[in-house]
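See the structures that follow.
You will see subunit A twice below: alongside subunit B first, and alongside subunit C after that.
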Partner chain A sequence: MLQKIYDWIDERIDITPIWRDIADHEVPEHVNPAHHFSAFVYCFGGLTFFVVVIQILSGMFLTMYYVPDIENAWKSVYYLQTEVAHGQIVRGMHHWGASVVIVMLLLHTLRVFFQGAYKKPRELNWMVGVLIFFIMLGLGFTGYLLPWDNKAFFATQVGLEMAQQVPFIGDELKTLLAGHEEIVGAQTLTRFFAIHVFFLPAALFALMAVHFILIRRQGISGPL
Partner chain B sequence: MSEEKQQVSRRQFLNYTLTGVGGFMAAGLLAPMLRMAIDPVLQPPSEGEFANVGLAVEDITTTPQRVDWQIDQVDGWYKSKPGKTAWVYKDDNGDIIALSPVCTHLGCVVSWEGSESHPNQFFCPCHDGRYTKDGVNVPGTPPLAPLALFEQKVENGMLYLGKAIPREGA
Partner chain C sequence: MHKGKGMKFVGDSRVSAERRMSQIPKDYSEYPGRTEAFWPNFLLKEWLVGAVFLVGFLCLTLAHPSPLEGVADPTNASYIPLPDWYFLFLYELLKYEFASGDYVLLGMMGIPGLAFGALLLAPFLDNGPGRRPHQRPIAVIMMLLALASAVWLTYSSASHVDWETRAEMNKPVPPSEVSIDTADPGYAVFEANCMSCHGDALQGGAAGPSLIGIDRTAEDIATIAKEGLEGDPGMPAGMFKGTDEELEQLVQFIMTVNEENAE
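What follows is the complex of A and B.
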């Protein structure tokens, strides 16, 4: 049955080369942990992606309950955490996953750095990776405010004051991020929500696409 | 058709036109969005608004007293009345001094003679930060700058306070 559906589609749009391009490619021996166990270090990039997928999925489901409004944000988080079945688990995944992403990202970066895998011809992909790292930090920073508890509020207060220290444009940058000259309030929360849920993920998807396409074009760097 | 008149080919002309029209459309789409995003930055800086703190000038002594009042705060669509606090006294010249209680170390709240072992000083309970009566930080304690000074004015014998202006570190 499934084979028939597949053949029906494949006959019309020749789907086989497309998924071959995506899924069917050689894994060299030196990156296969089954051959050399120490090759597990090559898994960190893929693990980062795996955790990112968890973050995206759990985040999507969290927005079914979350409200980016200073009156209701904390209450909605409290509600989904205490009243909704498995809400605690889903928010827990998003909460802990946020830290795990950074850890995996760091391990992946260390692997690439110490193996010299960033060297010619892969410099561009290193730069894209660094941009992804900044996007991730931005996601962490903006997501931290969303529960709108005391820790979130004051962490953002501190973060915004750091942005204010940027030479020449610091004050404007802070206002742009906070949505108000002085107050960290209603407009800050909606802004951070928009950045966290739409702007940064969009940038992240684009950069990840470039990252992966470059890997496929250039292949995995050779053994040490 | 002579050669030199063909500086722009038909194909080039169409490419330029398409790019121009496309760019114009893209700009038309993006301009309102970007203008919306940067609107807070382009707002005029808020004027120092003064609030009656409910303290008559004649009641101000040379000993700092704590004054609490509320201001009308508008944050976009959200209106609230957050509380403010100041330490107010008259100095030796009879000028009114209104100090912000926010410690310049890490933002705790200081109080006048908050510690029995440090009379005639402002004291911060968090890290033992101290300030002299004029709000200047005592060297060797955590704060690196004096307490902020409130903008002030007197109307009908009542004290009005505005924004707290930070002072440079000593």
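What follows is the complex of A and C.
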């Protein structure tokens, strides 16, 4: 039955090459921890992706309850924490995942750096990776405000004051982020929500797609 | 990628990838080294690693519920802001003399900009052919220095913070949907004696805890109101300045509110 469905689709859109590009390739010996245990350092990239998937899924569930407005944001998070079945676990996964993803990204970056794996021809992929790192830090910064507790509010205020000190465009940059020249309030929360949930993830997905396509094109860098 | 320009790849890319019309993949024996098929052999192992990782991650999540502080209060002047741990290095850097005040741009943009810019452009700054760390000592030493200073800055920032007291002082207060009968004679007594610290709806404030959901008898409440409470944070004695009759009304009022809002 499955084979029939596969054949039906394959006959029309020829998915075998796509399948081959995604899954049908060889894993070289030097990255396989089954052969060399020290090759576990090659796991960090994959684990980063795994945590990103956790972040996406838990984040999707969080938006089912979260309300991005200053009256209800904190209340909705509190309700999620205390009343919703498993809400604490889902929020906990999102909260801790944000830290774990930074740790994993750092380990992955250090692995690539110390192995010199960014050298020709992989310069572009390294730069895409560093951009992903920046996006992640941006996601961390914008996500911090969303629970609208004291920690969120005051840390964001400091962050926005720093943005204001950027030469020439500082004031405009702060207004762009906060929605107002002075007030960190309702506008700020909705803007940060939009940036955290739409803008940055869109950029993240695009960059991750490029990252993975380049890996499949160039293969994993060879042993040292 | 066509390798017509003499590019040499390693790993599975060492196998030349001349375009073949057939969609049948190469036989695995044609690959160098002890390679393994990604699908399904290696992917299964990856899933096992992922499952172990997930169990550890869920244990962390269960052991440490994600923190939530009290609802944002822009008028709270005593709150000391602190960023998430991965921004602490920047936070600490901006405390140094050469990175604050007149030089804040250096600390905020100059130094981090240089570090992250170098990270972004690393392949072009370190463009020699050698990949081993000892073949590119400058790049490796710069990275180790940057890493050490980031770790040091994070550590010195975090070590000054008393995390437990911080969490204790900023506990989330449940949204006050408590019905308070302001017509109760006890409420007037509460208003005169207790409200400045315990809030207009018994919800607590900066100087006093919430009086809802407390586990005390009427005698306890009366004693505490008059004689205060020892210990930390405690409550000074003599906060209640009224007659015994008013004390009776106050205790009755607090007990009633607690009974009504007990779940």
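Just so it is clear, the second predicted complex is superposed on the first by the 224 of 224 C-alpha atoms of A that agree within 3 Å, B and C clash if a C-alpha of one lies under 4 Å from a C-alpha of the other, contacts with A are read in each partner's own complex, and residues count from 1 in each chain.
In this text, a residue touches a chain if its C-beta (ideal position, glycine included) is under 8 Å from a C-beta of that chain, and two chains touch if they have at least 3 such contacts.
Because the structure is predicted, anything quoted here is derived from the model rather than measured.
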{"item": "Joint occupancy of subunit A by subunit B and subunit C, clash or fit", "value": "fit"}
{"item": "Touching partner for A:T175 - first (subunit B), second (subunit C), both, neither", "value": "first"}
{"item": "Subunit B versus subunit C as contact partner of A:M127, first or second or both or neither", "value": "second"}
{"item": "First, second, both or neither for A:H36, with subunit B first and subunit C second", "value": "neither"}
{"item": "Per-residue touch tally on subunit A - higher for subunit B or for subunit C", "value": "C"}
{"item": "Superposition-derived angle with apex at the Cα centre of subunit A and sides reaching subunit B and subunit C, degrees in steps of 10", "value": "60"}
{"item": "Which superposed partner A:Q187 touches (first subunit B, second subunit C, both, neither)", "value": "first"}
{"item": "Per-pair minimum CA distance [subunit C against subunit B, superposed on A] in Å", "value": "5"}
{"item": "On subunit A, positions contacted by subunit B and by subunit C", "value": "70, 185"}
{"item": "Touch list for subunit C against partner subunit A, complex", "value": "1, 7, 9-14, 23, 25, 28, 31-39, 42-43, 45-46, 49-50, 53-54, 57-58, 60-62, 64-74, 76, 79-87, 91, 104-105, 108-109, 116, 119-124, 126-133, 135-136, 139-140, 143, 147, 170, 172, 174-175"}
{"item": "Subunit C partner contacts - residues on subunit A that touch it in the complex", "value": "16-17, 20, 23-35, 43, 46-47, 50-51, 54, 70, 74-75, 77-78, 81-82, 88-89, 91-100, 102, 109-110, 113-123, 126-127, 130-131, 134, 137, 140-141, 144, 147-155, 157-159, 162, 165-167, 184-185, 217-224"}
{"item": "In the complex, subunit A residues that touch subunit B", "value": "70, 172, 175-176, 178-183, 185-187"}
{"item": "Contact footprint of subunit A on subunit B as seen in their complex", "value": "37-38, 40-41, 43, 45-46, 73, 75-78"}
